[in-house]
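Structure record follows, encoded as C-alpha cells.
Going by the order they are written in, the chains are A, B, C, D, E and F; count residues from 1 in each one.
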Amino acid sequence: MATVSLIQYDEASAEVRAVFDDIKRVRKVDDVNNFWKALANHPATLKRTWESACEVMQPGALDALTKELIYIAVSVTNGCDYCTHSHTAAAVAKGMTPSQHGELLAVIGMANETNALVNGLKVPVDEQFLK
Amino acid sequence: MATVSLIQYDEASAEVRAVFDDIKRVRKVDDVNNFWKALANHPATLKRTWESACEVMQPGALDALTKELIYIAVSVTNGCDYCTHSHTAAAVAKGMTPSQHGELLAVIGMANETNALVNGLKVPVDEQFLK
Amino acid sequence: MATVSLIQYDEASAEVRAVFDDIKRVRKVDDVNNFWKALANHPATLKRTWESACEVMQPGALDALTKELIYIAVSVTNGCDYCTHSHTAAAVAKGMTPSQHGELLAVIGMANETNALVNGLKVPVDEQFLK
Amino acid sequence: MATVSLIQYDEASAEVRAVFDDIKRVRKVDDVNNFWKALANHPATLKRTWESACEVMQPGALDALTKELIYIAVSVTNGCDYCTHSHTAAAVAKGMTPSQHGELLAVIGMANETNALVNGLKVPVDEQFLK
Amino acid sequence: MATVSLIQYDEASAEVRAVFDDIKRVRKVDDVNNFWKALANHPATLKRTWESACEVMQPGALDALTKELIYIAVSVTNGCDYCTHSHTAAAVAKGMTPSQHGELLAVIGMANETNALVNGLKVPVDEQFLK
Amino acid sequence: MATVSLIQYDEASAEVRAVFDDIKRVRKVDDVNNFWKALANHPATLKRTWESACEVMQPGALDALTKELIYIAVSVTNGCDYCTHSHTAAAVAKGMTPSQHGELLAVIGMANETNALVNGLKVPVDEQFLK
C-alpha cells in the first residue's frame, strides 16, 4: 500500500489531467502507471518529473534501450522493486532479449561485487585514471 | 592508502604472476592496475575475479561499451570512487563520447531520483508488470 | 514474515515487559508496534534502542516533526519499507501536511539525483567548504 | 580529480554562461561552485538541474533550512562527500546552529541503525500504518 | 513475482540440469531454491555463481557459520529481503543460536549508525590506521 | 577535513573529558581516535555512542573478532572509508590473519553480487524460509 492515495483521472485537477493526458498521448497508453498516480499528489513534482523523463530518456547519443538498461542497473543496485519491474518491462517493450537481460544482470552483479572488493581493499586510484 | 599492500610483479608468487601475465597479455598493457595488485593478496580471489571479468565483460548480446556504461551506473550509484574512475577510463577507451557520458550521467541521476520517489511513495507494482 | 517471532506482551519476560510498559506509557498506546515485538527477542537491544529513541527523537534544537522528516529521508534513501511507513505515519501524527510530504519527497528525490551526478562527475570539493 | 574538466566562465558557451549568470545572480556569489562547472559539460543537464533546484529548494510548506537538513540526511546516508560538505555549508549559511547539527546527525545515525535492524528482522508492517 | 520465469528441473537444459544436480548433491536437498531456478535463465551465470559460491563459502580460515554471518551483514545493509531470509535460514542450519542472531543484528545496526555519523562528520582517517 | 572541529582533550568540557578518560582507560590508549573527537561536538551523542559500543562490541555469544568482521562487512558495503580503515585495524589488533581478511572480502564481494542478482531477478522467497 502506498503512503499516499493514487489519484485517478476522474478525481484529478486540471493541472494533473494535463500531465496525464500528455503521458497517455506520448506513450500511447489508456491509463498512466501507478507511479504517476502517486506523484500526482504533488502536481509540481508530477510535472517536473514527467518533463525530465521526456528530456532524459529520449534517444540521443545513447539509444532508448541502452538508457533503459542503465536505469535497470541503478534500480537493481538500489533495490527498488517497483523501478526494477517497470523498467524491465520497458526494456522488454523496447526489444531487450532474454540474452541481453541475462548479460545485463551478470554485469550488474559483478560490478556490485568488485565495488565491494575495492571498498574493502581501499585501492588507491591509478595515476593514469587521473590524467 | 590501501588496507593491504599492493603486490608488485617482482615479489609475486608464481600463481599471482600467471594471472598478471594473462591480464597484461589480454589487455595489452605493461603493468596491471592497482585493483589487481591489491587482490593479489588473496590469490584465489584474484584468479576467480579475473576469470569472471573475462567471461562477464566480453562482447555478447551486449557490446563491450554498453557493458562499461552499466558498470559505471552501478559504481556511481554505490559511490565507488575507484570503480567510477577506472570504468569511465575504460569506457572512453572503448569509444564513449562526451555526449554519451553526459547522457549516461543524466539517466543515472534521474534513476536515483525516481527510485527515491518510489520508495517514499511506496508505489504498488502495476499488475501489467507482473504478467 | 519476520526472521524472528514477534514477542507478545503475555509471553514476554519481566525485562521485556518493563520496556513495553514504558513505550505504552510514553506513546499513549494500547500495544507496541511490531518493531518492538521483534526487537524483544534480544532484550538488551530492545532496551538500548528504546532509550536511544527517547533521547534522540525528543524535541530539542530541532522540533519533533523535523526529526521525523529527517528519519523519513534516511529510510527512503535506504529503501526501508517498514521504516518509511512507520515514520510517515508518525510524521502525519505530528502534523505533517500533504504539501509538506510532497516537498519532503521532492527534496529527497533531488538529493539522490545530485548525489549520483556528483559521484559520476567526481566533483572536487570547493575550497570554501573546507574552511 | 573530476572525470570531466571543470568548465570556467571564460571558456563556457553562451548557453552555459546564461545558467552561470543566473546562479550568480540568485545566489549573490562571484563564481559558481565546482558542481555547476562539472555539470556544464552537458548543458542540458546543467540547465535542468539548476531549474529543478530552484523549484525544489525554494521555501514553501517547508522552510529553506529544513530542506537543507533533509538534503544532508540523504547525502550522509549515500556517503556523498561533496554533497555533505556543500549542503552542510549551505545549512550553516541558512542558520543551522551547532546544536541543530548535532541533533541532525544523531537522528541520521539512529535512522540508519533502525533501518538495518528492521531489515534484519524483516518486521512485518503494522496494519495501522496501512490504513 | 520474478522478472523471469523460474526454470524447473523438468524443463531445464542439460547444462542447467548438471548444475542443479550438483547443488542437490552437495547440499543434500531434493530441489534447488528459487534463486538457482531464476539464475537458470542465463546458464553461464548459474554455473559461474554456483562455482563461486562453492569456492567462497567453503570453510577455510573462516568457518562456515562466520561466513554466513558476514553474508547476512551485507544482505541486511543492502536491504535484500530474499538474501536475508535465505542466509538467516542457512545460518540457523549451521548452528546460529538466537543469542548469536541478536548480537549479530546489534552489531549490524550499530555499524550502520556509526557509518552514518562518520559520513556526516567527515572524520579524517587517523594516521595510525594508514601505517 | 571534517564538517566540525576535532575536540582535543585540553579544550574539552568535563562531560567530554569523562568519556575520553573512559575510552583511554578501557582501550589502553594515550589518545582517542578522531571519531570520538568529532563526536565530542555533541556530548550526548558521544556518551551514548561510546556506551552503546561497549555494550554491543563486548564478547558474548559472538567473540570480539567475529564482531569486527561483521562491522567491516557493513562498512565496506556502505563504502565508509574511515570505518573500513578503523575496523580493519581493530580486527588485525584482535588477531585477524591475512587469510581471514582475504576470505572476509571474498564473502563480502560475493554477497553484494548475489544481492544484486536477486534484486534484478526479483526472486520470490522460498516457502521453507518463511516457516
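To be clear about the criterion, a residue touches a chain if its C-beta (ideal position, glycine included) is under 8 Å from a C-beta of that chain, and two chains touch if they have at least 3 such contacts.
Since we're looking at a predicted model, the values are computed, not measured.
Annotation of chain B and chain F: jointly contacted by A, C, D, E, touch as defined at the top.
The chains that touch both chain C and chain F are A, B, D, E.
When chain centres are defined as mean Cα coordinates, A lies farthest from chain F. Homomeric contact chain D/chain E: same residue numbering on both sides for over half of the interface positions. Chain A maps onto chain F through a rotation of 180°, based on Cα atoms and reported in steps of 5. The chain with its Cα centre farthest from the Cα centre of chain B is C. The mean-CA centres of chain B and chain E are about 21 angstrom from one another, to the nearest whole unit. The distance from the centre of chain C to the centre of chain E, with each centre set as the mean of the Cα atoms, comes to 27 Å.
With touch defined as above, residues shared between interfaces to two or more other chains in chain D number as follows: 1, 3-4, 41, 44-45, 49, 52, 56, 74, 77-81, 84-85, 88, 99, 102-106, 108-117, 119-122, 130. On the chain B side of its complex with chain F, the touching residues are 3-4, 41-42, 44-45, 49, 74, 78-80.
Interface residues of chain C facing chain A in the complex, by the touch rule stated above, are 79, 84-85, 88, 98-99, 101-103, 105-106, 109, 116.
Residue ranges on chain C touching chain F, taken from their complex, read 1, 44, 48, 52, 55, 130.
Residues 72, 76-77, 79, 81, 84-85, 104-105, 108-117, 119-122 of chain B touch chain C in their complex. By the touch criterion given at the top, residues 1-4, 6, 33-35, 38-39, 41, 45, 49, 52-53, 56-57, 60-62, 66-67, 69-71, 73-75, 77-78, 80-83, 85-89, 97, 99-100, 102-104, 106-108, 110-115, 117-126, 128-130 of chain A touch chain B in their complex.
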